[in-house]
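Data block below; observations after.
Going by the order they are written in, the chains are A, B, C, D, E and F; count residues from 1 in each one.
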C-alpha cells in the first residue's frame, strides 16, 4: 500500500477498464493486508455458523464484492461527494473462520476486527449471517471503551436468549448478548423494521425490556425519511454508532437471497431513502449481513442491494468527517 | 391424532428443533388423515389440469409447505393471537388427482374437501391452479346449503365461459361456473385486483353482468386497507365466505412463480395489509392457488408469500371464532 | 402478407390455441418480411456489442417474444382499445448483426430500421443493449428529416463520450451521439429516471449541458402520472417522438435481467402508470432495450415487463392515430 | 412455400446470419402450414397431459427448436450427407392441444399428424410427453394400412395398462395400447434401454408377453453399435418403422430435463453411436419425446440432445431414400 | 405404526396416487417415530457443520426424499426382489442437530442412531456432510460391540487429522477418528474411488498407514464389478459392515450437487454396477452423504442418484437376510 | 511480489484458512502485476467478442478462479509433484479488453501476453472465447521467433475463413489465421476431438488442407491415452508447443457452460486421462477457453473442469522443467 496511502486510493476507471476484468474487490478498491492509514477498512466476515435455517452466507462477502463492481465512486444523494477522495478505503479481504464451530469463529472474527479498530480505522463489515455482529461489537466497543449506540435495521429483533438446547450465539441472539455485555447502550439504540409472525407474544416486548426503542416496519414507514433520520440522530445522541443492516429488512422481492425472508417489507427504494437521509451519526463501525447468494437469482439483486447499502454507509461516513 | 385433538396440536419449537429437520408439513403442524375435531384442515389440491399456460402448480402444495416452516405461530397483526392455541389445525396432505384428466380430478378433489367439511372443519386449501376452486366451492357450498359470499383476489376475473374447443373447466372459468351452479351469490361477492390486457373489451363487464362487484388493482389500492375491509364486510354481509387468493394478484416482483404473471400489481406489503385488515368475515373455506415453484427463483419468494397468505387466513379465522 | 394486410392481422385466440403452441412471435402476431402496409413493425435488434458489463442482450428479443404470448390485444388503460383492430402490426424478426464488431452492426441495424421507415411504418424495436438506439435514431430521424423529440426512460443518462480507449459507440453513449449528429433536439427531449452512483460529479450535468431536461427517479416520482405526462407532452411539443425505454429504469426487483441494475427504482406499477398516462405524443419510433434473459430468473419477470412496456407503446400509438 | 418447394428449402447460413437472430424454427428451417411436397415435416406435439410426475413437456418443442439452431446441415456420420439437399423438410409448428383434457388432445394431435401423412410426408414429431405417441401411431399406421415396426428407445417400457383409477392414456401406456389397436406389430418391434426399479416383478415381462423384444440398458450396451443395428434391421424386417425416442433412455447426466430420469443410463456418446449406425430402416415416422426444459439447466443439454437426436433421425431418412 | 408393523409397510401405489401427492418420505414409506419392529430405519442426519467449503447439506435428506418418490419397490438387479416384502422399513425423519455447533450435534446424531440400533434395526442414514459418519459409527459399533468393517466410496480419504486450528471433527476427518476410536477395523476395510489433487504427497499414504486398503478411481474401475465385489467381500470377511457412500465419488456430471466435486470420476452407470454386484456383506449400517441441493440443478440429478444408491443399499440388505 | 519471488509462492493452506475466505485467485495463488521471476503466469483474457452464439465468456476467468480454490497443489498423476515447489506461479489478473470491438481487443490481449512472454514466463491463459487464441499465439510465437506446434483439443476445428460478412477474427477462425500468419507449424500440430454436424462437407478437410493432423472424437478415443500421448509427442517433435483447450471438446454433460456444446463427446474422466498422459512437450503457452458461467449450473461443473484442466497443464509444465 505504501505511498498509495498518502493519497486516497481509488478504484480503476470503469470507463477505461471493464468491470469484469480482474479480481473483484469491494467497489474495485485496492487490497490491503493492514488497516494502517485507512479511514475505513472493508472486511468480510464469512461465517454462517449462526444460521439456524438457510445456510450459505459464508459466500456473502464474495457475492457483495462481485456485485459492487457496478457501483461508482460519487454519491449524488450526499452532495455529489467523491467518496474515495474524502476517505482512505481499502479491502482487507476476509477474517478467518472455523465452519461448524461458533466459539473459535467468534474469537477469530473479533481479532480480525480488532486489527482494524486498533489501526484507528472504521470497519465496514460484510457478512456472513447476523451471528457475526457480536464479534464485531466486542471489537468496536472495546476500542471506544464505551457502550455503542446501535442503529439496527432488521425484520427480526435478534434478541432471543438461546437456540437449540442452550447455545447462546447465533443469528438470533447478538443484540441480547450485546446488552448483557454492555457493548451497546440500548437507551441510545433503535431496532427498525421488525415484522412478521412471532414465536411468542413476548417477542417484541423482549427487545423493549432490554431497553431498545423498537419500530416495526409499519411504524418505520409511517415516518418520512427525514423525520426518521432526525429521530435516529436524537436517540443516538452523539454516541459512537454501530450500524447493523440485515438485508432481510427489505421485502423479499428486493432481497430474496437471505436466510429468513419475511414477506411485506419496504421496497429497496424506501429503504435506501432512509439510509440516504441519515445524518448526525458518528459512525464507529457497520455491518451488512445475511447476504446469501445460494438463494439469490441470476440477477443477484440481493448482493447488489447489499453492495449499494454498504456504499451508502461509506457516503454517510464521508460526509461526517 | 386421538388425544392430541383434545388440546390444540402445536408445531415443534423452531428454537429447539431446526426448521430444516423432518418432513415439512404446513407450518410444521401435525399430520392427520381425518378432519374430525379440527377447526381448520390444511389440504393440498395439487392439480394443474386447469393450466392453459405455465404448468407445474401440482408442485405448489409442496412448495408452500416447504416455505411455511419459516413461519411462527403468533400473529402480531391480530392482537398477538396465538393461532394454534385458538384453533385446532392439522395438515391432511393432498387430495388425489388424475393428471391430464380434469373431470375425474374435479370429482376426487371435491370428495376430499367434502371429507373436511363433513367433519365440520373449515378447509384451507393449497393449489394447484385456479381450476381447483370449483371443486372446493361445490363441497363448501354443499355443506352450508346456501350460496357463499366470494372474496376473490386475482389479477384476472376467471369468468370466461370455455377454453380450447369448449372445455368448461380450467383456471379461467371457475367463477362463472360457480354462479351458474349457485355455489356463490355474486351479489355478496367481490373480485379484487383485476388488471392487465384483455381478450376482449367485454372481459371485465362479463364479471359485472354475472353480478360480481369488481375492483381493478388501481381501484383496490385507491382505498385504504381499513376502508376496503369495511367494504368487503358490508358486501359479504354475514354470509359464509369463501376466500380465494390467486397469487398472481401480487406484482410479479413478489410472485414470479405463477402461471400468468401480470406486471403492475400491488406489492406484497400492500397486499398483506389488506388481508390483515379483513374483519367481519365468517370464513367457510379458503384457497391459496397458482403457486408454481418451477417458475419461482431459488429464494422461493412466491411460495413464502403463499404460505404467509395462508397463515394470515388462519389468523383471520382465529380471531373470528 | 398480401391480403391479410387489407385488414389488420390478428394474433390467434389464446382461448382456442394455447399460448405455448407454435413459434413465438411478438404477441403471436403474424410474421412479415417487409413493412409495407403496416402501421407498426416489430423488429428485434439483437446486439450486445455495446454492453460494457453483463452481456447477453442478444437474446433479449427472443425473451420478450416468448413472454409476450401472455399478453392480450385489448388495453383497458386506453379506453379498451383493440390494438390490432386499430393498427396493422406484424413481427419482422430480427436485424442481422455482427457479434463483436460494433461498426458493421450499427450499419446493418440502421439499414433494417430504414426498411421499416421507408415503408412508412413506425418501428417498435426490441433490444439488444442500449447501443442499438443510435442506429435506430439515424434511420428514424432520416425518415422525418428533422431532429426528433426524445423521451428517454433510464436509470442512466447514456451521454458519456467514449469507453475503453476511445470507442464512441456503446450502451453508454447513444444520447450524446444523437445530439452531436442532430438526430434529436434536446430542447424537446427528456431523460427520466436517472439515479444511483456516478462516475464523476459531472455525470448528470453533462446531459443538461447537452440540452436535455433531466429528471431523477425521485423527481419523476414526485409528480403524478398525469402531470408528468402533461410535462412530457409540453416538452416534446408536437415534434415526432422517439421513445427509448431502458428496462433498468425500473427497480431490480421488477427487472433483474438487465445489464446494469440500479437499486432503488420505481416499481413496475409506478412505471406502467406513467406510460399509460402518456398522451399528445406523435410517435415516430420506439425501443425497449436491455432485456437480458441470462440474468432473469425462471419467472422471466424482466422479459414480461419488457413485453408489457412494448404493448403499452402499441396502445399509445393506437389511440394517437 | 410455393416454389421453394420445387427445390429443397435450406436454413440460413449461420456463418452469415447469427443463430440467435430471428424466430427459432427447427434447425432454422422454413416454416410451412402444410406438408405438401415435403419429404419430412417437423411437427411439435406439445402435450403433457400424459405426465404422471414432472409436468412441463408442453414447452419441449420450443426448447428443442431453440437448441437446434446450433446444428448444421451436413452429417459426417452418414457420409457427409447434406440433409437438406437430400430431403425437403419444413417446420409445421405445433399441433393444437387441450391442456388438462387427454381425450380431445389425442384427437387433435392425431388429426395434425394425419395432415402430414396424408400429404405423403414422414412426420418427425417433437414431444411432449410419451403420451403423444399413441396419437402419432394411429395416424402413421392408418396411412400405411398395416401395423408398424416399432423401434423404441426408453428407460421404461410404457406398457402399463392404466393409471390413476383406470385412465388408459398416459406417458406410461402407449405401447400397450398400440399392440391392442394393432398399430404396431410387436414381433417386428423392439424396446431398448429399459432399466431401473420396477413397480412389480412383472414389469418387463408384460412387454415380452405383448410380443416385444426387450433389451435392458445393460443388454443394449453389451452389443456394439453395428451389431445392435443389424439386430434392429433384422427384427424390423423391412416393415415401415416408427422410431420413438424417449430422452430418459440416456443417463440423467446427459438428460436431466425429463419427466422420470433413471440413474445409470448410457452416455450421450454411446446413444448417438447407436443411432448413427442404424440402417436398413424404412422410416415411416418418428418422435423425440419427454424433453422438459423446466427441469433442464441453463446449458439446456437435454434440449440440445433432443435436437441432435432429431437431426440424426433426419440423416437416417436422408440416406435411406 | 401398530399393526402395520405386523406386515411390512408398503408405499402407496404410484399408479394409483401420483407421486407428487402428499408429504414426501423416503420412497413414500410410512413415517414412524420409533424403530421397533423394523428391519431398516431410514433416518436423516441433516448436519453441515462439518463442511469446510460448500455448505447446504442440511437440506440433503429432504432432497433425497423428494427425489426418491420416483423409485419403485422391486429391484431387477437383485432377482426382482420386492424390497418392502422382504424388509420392514420406515422413515424416522431427521435427527435434531445444532447448526454451527459440531460437538452437541455429534452427540444428538449419535443418540438418534442409537435409538435405531437399540431397537435392533439397521440404520440407513441420509446426510448431511461426511462429518455425520463418526456419530453413526459410534452408535453402530457400540451396538455390535466390535470394530466394523468399513466399505467407503469417496473421491477423498477423509482421514485428515484436523482442520482450521485443531478442530478434530469435520467432513474430512471421520475415518481417522474411527480408527483411533476402534470403531472400524481398517484391516477389514476399504476406501474406494479416491482421486484428484492432494494437499500433500502424503494424503493417500496416511490412509494406508492407518491400515485401510485404498483403491483410487482408476484402480477401482480397472476391476470388473464382480471381481471388485469379490475383493470387497474377502476384505470385509464376514464382519458387520458399515457402508459409507459419499456422492462425490461419482463424476460431477452425475453429481454436481456435492460439497467438493472432483472432476474425472466414474459415471453413475459404472458406480451403480458396482453397488449392484456387492454380495457377502453383513450390513450393520450405511450412509449416503454430501447431497447438497443448493448446488444441484433443476433436474436434481444428484438427489436422484443419492436416492437410487440408498435404494440399492436396501436391496442389498433385502437379499442378505 | 519482491522477495516472495525468491522462493516459490504458495497458496494458503486450505486446512487452515477455508477456501471461501478472501479474494479468489487461481488456486489461491498470490497476485502479481508483473511476470518477472515467474515460471508460469496465469492471465485472464475475458473477451467474448469472438462469440457468434452464446455470449458470456467474459465471465469465464472469474468462474475458473472461483472453482479453482477447490484444487490442491500436489498432483498424484505426475508422481505426486508439488506444483508450486517446482514452479514459481502467480495470478496476473486479466488483460484489458474492449467489449464489442474485436480489433483493439486483440491488440490489448496480445500486449498483455507479451508482457508475460517478455518476462520469460510461460503464459497460462484463461478465456474468454476461442477468439482470444490468435492474440496469444501472436505473442508466444513472437517470443519464440518460430512457428509453434499446436495441440488443440476442441469439438470444432475453428479454421473457418470469415464470419458475418467478412470479419476474419472470431471464435471460429483463429487456427486458420495462425497458419496464414505462420504462428503455428501445422505439420507439427494436431486438432483432436472434432465431432458433430458440419456447415459443409468440406469442414474437416479444410483443416487437413491447412496441414493439420485431425482426429475426430471417435478417432481420439480409439487410442489409449498413452499411445495418443506418444503420437502427440511425435507430431510436435520437440518444437515449442502451444496447447489450446476448448472446454466444448468434453461432452455437454461435463461441460454445459460453453458457447457451442456438441453432444456426444468424451467424459471428463476420459479427457483428463489424456491430459495426464501427455509427455515430451515443451510447453510455451496454453489456454483454457470457452468457459461460460452464464450457461453453467449451480454446481459449476464446467468451471471446475476448466480449473482442473489448467491445473493439469501446470503439472505437465512442472514435470517438464
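Simple rule for what comes next: a contact is a pair of C-beta atoms (placed from the backbone, for glycine too) under 8 Å apart; a residue touches a chain by one contact, two chains touch by 3 or more.
Note that this is a predicted model, so its numbers are computed, not measured.
Visitor: Go through the assembly and pull out the chains touching chain C as well as chain F.
Guide: A, D
Visitor: Over half shared or under half: which fits the residue numbers at the contact of copies chain E and chain F, same or different?
Guide: Different: fewer than half of the residue numbers at the chain E-chain F interface appear in both copies.
Visitor: Taking each chain's centre as the mean of its CA atoms, how far is chain A from chain B in angstrom?
Guide: Chain centroid spacing, chain A to chain B, equals 38 Å.
Visitor: Taking the mean of the C-alpha atoms as each chain's centre, how many Å separate chain A from chain D?
Guide: 55
Visitor: Once you find the CA centre of chain A and the CA centre of chain F, what distance in Å lies between them?
Guide: That gives a centre separation of 40 Å.
Visitor: When you check chain F against every other chain, which residues touch at least two of them?
Guide: 16-18, 20, 52, 58, 96-99, 163-165, 251, 253-254, 267, 294-295, 297-298, in rising order.
Visitor: Show me, using the given definition of touch, all chain pairs that touch one another.
Guide: A-B, A-C, A-E, A-F, B-C, B-D, B-E, C-D, C-F, D-E, D-F, E-F
Visitor: Where on chain D does chain B make contact in their complex?
Guide: Its residues touching chain B are 48-52, 55-56, 58, 96-102, 104, 131, 163-165, 167, 169-170, 294-295.
Visitor: Which of the residues in chain A end up touching chain C in this complex?
Guide: 13-20, 70-76, 80, 82, 251, 253-254, 267-269, 272-273, 297-301, 304-305, 308, 311
Visitor: Would you pull the chain C residues touching chain D in the complex into a rising list?
Guide: For this pair, the touching residues of chain C are 16-18, 20-25, 31, 44, 46, 58-59, 62, 65-66, 91, 93-99, 294, 298.
Visitor: Write out the stretch or stretches of chain B touching chain C in their complex.
Guide: 52-53, 160, 162-165, 172, 196-201, 203-204, 216-217, 251-254, 256-258, 260-261, 263-267, 294-297, 302
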